[in-house]
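Going in written order, the chains are labelled A, B, C, D, E and F, and every chain counts its residues from 1.
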């Protein structure tokens, strides 16, 4: 089975920033993503206990290398300052590269 | 003296005791918690019950006489929000974002506080005007929208000032900024009006109005008789969350602590008096006061985090949930009840009944 | 005329109003939703309550007279499923997979619809035969199993035809295909029979039968008195989901929209008449009609996605949940009630009581 | 003879039937399950209800006479735990970790079993002393703490022996080991005392005591009348989990199966007799016996997995939940009721009432 | 600590395909996997709202390179056409290679 | 956007071991992590059904290569024997390396 190299962008952030992330993705014409709620600890303290709005969410995006940089740049610029947020990139391989 | 007795008697109700219990459970670091699905469901349930009840009452009593109290409530809420802002910005020296966020948190209303108030009155055998539920719904977004509008005005102004002092390179950026501001405001407006709290509350009021007592009978066991029990369960979770925040209270500073106690007292008492002046009943005046006294802590983070992301959420959540909420339901509610009893001229008799009971 | 009044009166019950409310909430894109754990639990609860109730009734009245209605129901369900298939395939020009999937979705039964029907009758002060709950359980898998069997037969035939026209290279593949088909069918049979809906329903019927009225009294507050309130909560979620699907209705096409309204009407009215012919009570005939009229939207995706994965799930879910369900509970239920009243020869009196009530 | 009839009559209650139903559902591999949030919430609810009930009773009857039963219960629990250990280690040839884990699982108490016991008595129209809820809370950690203490002593000894036989290289390691042991014990103590079960139970007892009957009335529909219905729902899930474990029973071995039946019988009957000797009522003696007979399966894994991680959890969970729990609620409870009736000298009359009922 | 290179196969698909995936894994004698429910967006639209059966699930399998290709091939062949499904492979290192 | 290479340590284990993992992280002065509940299958059988205490949890830690080895070593030594547990390491890149 031939596999093609693409990137996986993973964003872990407070749940109220999810909408902002999805909007940024949409702006860059990315409509494929996977999300799920998580708990966590970081610079802004323990998150995921207490009020519903204080949970974290992970957003995972399989993305071509070409779009990656722009998306990361916009997330960094608009969200890093105000929101609890961590992001990272990994190398992955997929079967159907035309999907991404 | 009588007020102390009222407070003491209020303290010994299951609602307050389970709230305090939740605080203690959090402080001793117990792993007790109400599962998320339950604590997410309970506010929906409580608002549906409040709405149905209010709607049925409105059907019985008409809602012509609701208009004046509603506009007065909106007016007071806007006035109070501006007042909060001045106090926080001038005296408290908070930055513009935190000031507006806090001002609107205290200008907005708390649905959970409202539920506890209804239970308190039920316990006293006192009723209140059904349309207050509708005022609760209408009041919810008012303070937020104003605060967000003013914040965005202020930010735009700052940007415009910058624009004049810097080179033209950023012009497009600024235009984008201004456009974004407008989008944001209309977004917040839409989000507020379609927010689950308002939607379920307004929906239930309308349904309550349509079905009336007779249509309600088949569901009254769930939406009426279980009401206080459900609040009790919710209060355990509220207590736990408030308890977890107690540690943060030091961080909010003495000024905000004082603000979180004095402001609701002021707003609430004015509310009781104004409501009495408008002819609301003893219980109605208490609930009207409570609307103005209460701070929002469930809706606030959801709205403000998007609208004023620069504001520090732990300031407004901690003060509203950790200080004002307990103060309101434990201390201020009985105080307002005593005042309302007094100004309704039934003081001696009612209080006597209450205490001997 | 009377039917319109019946429909209007039905519209003003909390169940229908909260369903419509849910639809509106979804259309205005509110973030209101019933937490998953609650909306996953409620069908289990409703089925347990239905089962217990049915079992207790069966203990009181015996279940000898259940056999004929049961076999008639199975027969009609199979007949209707075949009929649906012909209509969808011939007139609707759907492919074989979608045709079978849709045919069985409408041949199967809807437990939520059944719950609403029971509440409707309760509201009218009319009872129904307890064994209908058992027929609900038995009817659940029947239409699916037939549709799946027929689909697999059709697929095997296609493969066999291919086998003859191509070279022998694929023979083993085809054998595997045929074997897989058999495995699939026995899997689906097992999955259907052990599916949570059937299991909790049958289990509760047996338990209700064993404990009787006296054993039930200690749990009647939860499993009887709270029933309508619980449906109301569930209907909010059903409304929201139906509302989210409204946008997809255009995609299902005019033919399927018409099918989703006409077919249940036809099936349901035949059901009422046949049931009356078999001697069922006024309420029993309505419930029997509802069984045949209702389409499955909770069980259907779970069963059909595995059994006929080639079928487009949004076709059968959207039409069953977005069109047929609202139509059934809002319009068809009162129609069938009126017809049943008529054919039970108590028309004038009952309707009169109903309307003046 | 009468005991068999008691068992049979107990078998036909909704609680037991839905438990058996859950077992069957699991055995036929149905996908039925109670959503996690609900099955996580129900024990909290049940303990709150038990606690409130106990607290109100204690307010009515005083708690002076609670001290002796409490200390006797603690004493018996410790004694039984040591006894279990000897039997498991000597006769059962279990390793030291499994022996202590199992010994304390059976020395500890089961809150769910207690709930079922209360419902059983309610069903019989018999009451029990309110302070037994407090004894339930106090007994919860006792057996665990002793077992963990003894396990750690044993491990330290082993390490010390090793230390003498090996070179000095490991000394620091061993010191660390000993220090860790102490930390662990104090951690377990803290975790046990702040564990959700104890916290909600003690809290509710105190609140029940403070509010009394009158304060309880507004929440009695939720915390009293819905109690049995809530247990029924929980028992479905318990049945499912027990059913999933039935397959593991072979793995626990004949010895442990016998232990899981004989030990509770022995402990329970002694409990009933001792309680009767101390003057507890008919129902109180049954509940006292049940406390000693019951094994912990909700608290046990949470505590023991941290404290004695070397022990195999499937041993103590499977035997406590898969064998002892069903045995206790189906067979032993009626037996203890019969014995208590007998030794309370009301045998003939009560049993007669019971059976003819 | 010596680490050994293996592969991580991640499948994000509609929850009703989970059983099919697990069966394919079993067929290839893979009994270790981790699953969790997620929401997502993709070619088949927004998933995870509404009916229980319309959620997504992620299935993660730590797997030796040897078996990888066959598993991917079978999933592609039997499920790509009918189910909402995305899969990707990443390089990971583990301590106890004998477990996989 | 400049990205920096770090490691992602992923631990999948029974939920009652979560506390032990977090303590080990704390001991190595790592306060950033993300957790979420999962189900799974492995050497210790199917996990995630039945009692609350029999679920699994995933703990993900973005970590500098320097600390990685010690953390893995301590987890292996203290938890591998008694708990259902699997761990793996992947290469990732982040924007704000100072956060980790």
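In the analysis below, a contact is a pair of C-beta atoms (placed from the backbone, for glycine too) under 8 Å apart; a residue touches a chain by one contact, two chains touch by 3 or more.
Because the structure is predicted, anything quoted here is derived from the model rather than measured.
Common neighbours of chain A and chain E under the contact definition above: F.
Because chain B and chain D share one sequence, their contact can be compared position by position; here under half of the interface residue numbers appear on both sides. Chain B and chain F have Cα centroids lying 41 Å from one another.
Centroids of chain C and chain D (each the mean of its C-alpha atoms) stand 43 Å apart.
Per-chain Cα centroids separate chain E from chain F by 20 Å. Between chain B and chain E, the centres computed from C-alpha atoms are 46 Å apart. Residue positions of chain D with contacts to 2 or more other chains are 33, 35-38, 40, 221. For chain E, the set of residues touching two or more other chains reads 36, 90-91. Touching chain pairs in this entry, ordered by label, are A-B, A-E, A-F, B-C, B-D, C-D, C-E, D-F, E-F.
Here chain E touches chain A in the complex through residues 10, 12, 36-43, 48, 56, 58, 69, 72-73, 76, 80, 86-91, going by the rule given at the top. If you check the complex, the residues on chain C that touch chain E are 33, 36, 39-40, 240-241, 244-245, 297-298, 301-302, 305-306, 309-310, 317, 321. Taken in their complex, chain F has these residues touching chain A: 1, 3, 6, 8, 31-36, 62, 90-96, 99. On chain B, the positions that touch chain C within their shared complex are 35-38, 40-41, 44-45, 194-196, 199-200, 203-204, 206-207, 210-211, 215-216, 218-219, 221-223. Those residues of chain A whose C-beta lies close enough to touch chain B in the complex are 14, 16-17, 19-20, 49-54, 81-83.
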